[in-house]
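Paired with chain B in one complex and with chain C in the other, chain A is shared by the two complexes that follow.
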Partner chain A sequence: MTRSPDGRPSPVVSLQFDRVDRRYEPGAPLTARYRVEGLGDEPIEAVEHSVLWYTEGKGEEDLGVHFFARVEGEAARPGDGTITFHTRLPASPLSYEGVIVKVRWCARVRIFFRAARDFVSEHVFEVGRLPPARLVTAEAP
Partner chain B sequence: MRLPRVFGKKRGHRRTGSQIWGTVGDAAFHAALLLAGIVFGGLLVSGVAVPEWRINHDYLPARCTVVGKRIERRVADRLPGAWHAALLLRYETDGTVREAWAWPEPAAGAGDRDQAVRRLAAWPLGDEVPGWYDPAAPGTVVLQRGYNWWMWLLALLLPGALIAFGGAGLLRAARRWGKSEEHRAASAGLPELLDPLAQRPRASQGHPTVPCCDDLVNSPGTILRYRLPIESPENWTLLGFGLFALLWNAVLTVLAVQAGIDLLGGRRDWLLFALLLPFAIVGIAGIAVFIRGIILASAVGTTQVEIADHPLRPGGSYGLMLAQAGSGEFRELSLSLELEERATFRQGTDTRSERVVVWRQPIRVWQDVELSPGTRFEAHATVRVPPTAMHSFASEHNSVRWMLVVHGTPTRWPAFQRVFPLVVFPPAAEAAEVMR
Partner chain C sequence: MNSMHGAMLPPEFASDTRPGNPFATRYTRPGAIPPLDRHGIPLDVAALASRFEAVTAAAIEGPHGHGKSTLLCALAATLHAVGRPVTIVQIRDWHDACTACIAIVTAPRRTAVFVDGWERLGLLAGPMRLVARMLRRRLLITSHRPAGLPVLWTCATTPALLRAIVARVPDHGGVVNEMDIDAAFQRHGGNIRETLSDLYDTIERRSRLPSTALPS
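And then the complex of A and B:
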């Protein structure tokens, strides 16, 4: 069990996508399964898992949730310790590595403890196959 | 029990504030607004609306005899209309004769004492006037009924706005409380109603975050299928200059008229004259900049771009038609396809935007174009969207925009640039499979 600097247990979320390269086409189905370890005896209020995109870069962060589920109470600690979820990805946005705007897709697992704290684990994957943008001035017509 | 941390996670060079403390502050601010609205509304309703409503609905009519009169000066005695006429009335209620003071023109006071005394002559002693008394307090009598619509409007509008703004903010904070950002974003509800200041771009059907292109395909072209609308921020700048020049010179005119009246009356306000000179220079400069802008905008002539299809798809080729009206000679006229990233961020209390062109593809360049009045320059070209192009993207603070840009260099006028936005969709599913 790992512990945070304040001595409380720090969980470890192991999440596996159904595609090893974590690369999906727009509109493709996505399946992910995760296991939370190192919870210790600290009581859990809920676990949320979601599939979302967010922006990074110069601007304020924007976020769009494509799939969201919240599991409360004892159901948040499944018997075999593994939770699986499925979704079909939307047609857009595609993952994009721009200069001042970047779009990233991820699966997030957020654990809410009774002691008014939460723990977030983020697992990035890609939608589409776009090359990174560069500050190019011109290209031949 | 621990208090939440003031600062949350650190992303890049930025440290985000605590979500909990942010929500608490937001809720406290909006609760204060809501409370102010309720208190203000309560005061207006109990002090103005209810008494006025009772006068019109509950008060009973009585024949009143004027047995005394006087003029009164209200507390705000330096304001115009401070002198008011007051009448001592004698009237009978349920067999009891009563006397009470009433104000025949409660809303309209006289500017000075003499004027008020002259007005008082309109109510001779012994005259009979219609009045209404309060059955709950027969010692209270009024000589006028009706509604003060301004006061009602004020009573509804000001507290109403405070209650609506504060209430919506408080509800928004309550909706956020205890929820993760994913949960809030996923929650269906009334986010737009609760957060009317947030500018969420309209997305295309079936393509989240791809801006809607309805406004780009509602104008048919003369030769090709669609005529693209022009994005013209310089027109807004010109309008801004025009409004500034108008307002500034209106103020200047008022000051100049006052100075002229003073001068005719033999008074010289040197401070006013000293102020007028720089004001006049700024006013004339404002008019000059505005007129120059109008001349530049209209001298070059309109630019029109038509396209064979819209929205565009990566890998697709589309016919274009460029038309340039006006007269004179252009050293160069060019058309290019550009991809621009735009990010909006807060820096202190300012909201700033940054734009970067990350890709530019010249489509065609025309040299030494001669334009004659009555006819327009027309040329055709083809634009090809790269197969690995990012689609158009728009979220609240970030966007990726495609556009056709026309650069012109007239011989007699400054160079100009005109922008025609486009929408590029992501590749269709089968095309995406082929690209793999």
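And then the complex of A and C:
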């Protein structure tokens, strides 16, 4: 069991995609199911699960939420079972491993506790098959 | 202009995927890493917030890229968590000066106004401070140079601080070592933001080389 910086136990989110290689074509359906363990008895405010893309790089960040669902109150406590959600991915943006900027898709599970803390678990997958950017080294004259 | 709503303390974070680059903005931006002192030890932000509560106006001073915005962000989150509303204005150019002025004039009575980049207000800084004082607005600013306000904290950087920051970003698998970190720090004259940007480039360069070319 992992612990938060203040010593409280941190939950563990195990998420599985319907594609083992986590690679999806643009416009393809996506199904994911997850299980949350290690919640203990701490009261929960809400649980959110979402499918989103974000940029990662040196400068300003961007983010787009494609699918989002929120369950409020104790009904949000996942219990022993798994939670499944489905969505159809859009045509773009495609996952991209650039040098200055990367585009990443992920399924995100966020748990809000009543005690003014929250926990985020991200699970990255790929959309499309863009090759990663290559660094070009300038030739000496 | 940002008003703070909802949970502003950074969430606990887990991922089952290795990050693309541990020095990317999402892992190093203000708020992602708690403010550290020059020795790399976490600052007592709650104590600083209490000191700010005891005055009507104060400044966080330090050169560019030395952690002023990081500390401002942490103080805003700490005050917000105890029910003290905060409005943050970031000054990037003259247009933002109007936003800062509106924030100071229209802020509700208990709201503190945080202005990041106060020195960019230039000649408007004096009148704006006067307005804040007349309206009894609580003001916290960041500035590269003395602003004539009581100094809440002076930000300074050292290689030890940078190493402590690097220890808090996601694992980079040993792609950069302590020599790289110290060299980057020296190259950028202690500017942590530029140094982290430099280390980002180092990671990109090395991680795209054939594995045989990686430094031992």
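Here, the second predicted complex is superposed on the first by the 129 of 141 C-alpha atoms of A that agree within 3 Å, B and C clash if a C-alpha of one lies under 4 Å from a C-alpha of the other, contacts with A are read in each partner's own complex, and residues count from 1 in each chain.
The definition used in the following text is that a contact is a pair of C-beta atoms (placed from the backbone, for glycine too) under 8 Å apart; a residue touches a chain by one contact, two chains touch by 3 or more.
What you see is a predicted model, and the numbers here were worked out from it, not measured in a lab.
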{"item": "Clash-or-fit label for the pair chain B, chain C on chain A", "value": "clash"}
{"item": "Chain C versus chain B, contacts on chain A by residue", "value": "B"}
{"item": "Contacts of A:104 with chain B and chain C, given as first, second, both or neither", "value": "second"}
{"item": "Touching partner for A:118 - first (chain B), second (chain C), both, neither", "value": "both"}
{"item": "Contacts of A:129 with chain B and chain C, given as first, second, both or neither", "value": "first"}
{"item": "Touching partner for A:15 - first (chain B), second (chain C), both, neither", "value": "second"}
{"item": "Common interface positions of chain A, toward chain B and toward chain C", "value": "56-61, 99, 110, 112, 116, 118, 134-135"}
{"item": "Interfacial residue positions of chain A with respect to chain C in the complex", "value": "2, 4-5, 10, 12-13, 15, 54, 56-61, 97, 99, 102, 104, 106, 110, 112, 116-124, 132, 134-135"}
{"item": "Contact footprint of chain A on chain B as seen in their complex", "value": "1-2, 4, 11-12, 180-183, 185-186, 206-210, 339, 341-346, 354, 356, 358-364, 388-391, 393, 395-400, 425-427, 429, 432-433, 435-436"}
{"item": "Contact footprint of chain A on chain C as seen in their complex", "value": "7, 9, 11-17, 19-21, 24-26, 29, 81, 197, 200-201, 204-205, 208"}
{"item": "Contacting residues of chain A [partner chain B, same complex]", "value": "25-27, 48, 50, 52-53, 55-66, 68, 70, 90-94, 96, 98-101, 103, 108, 110, 112, 116, 118, 128-131, 133-141"}
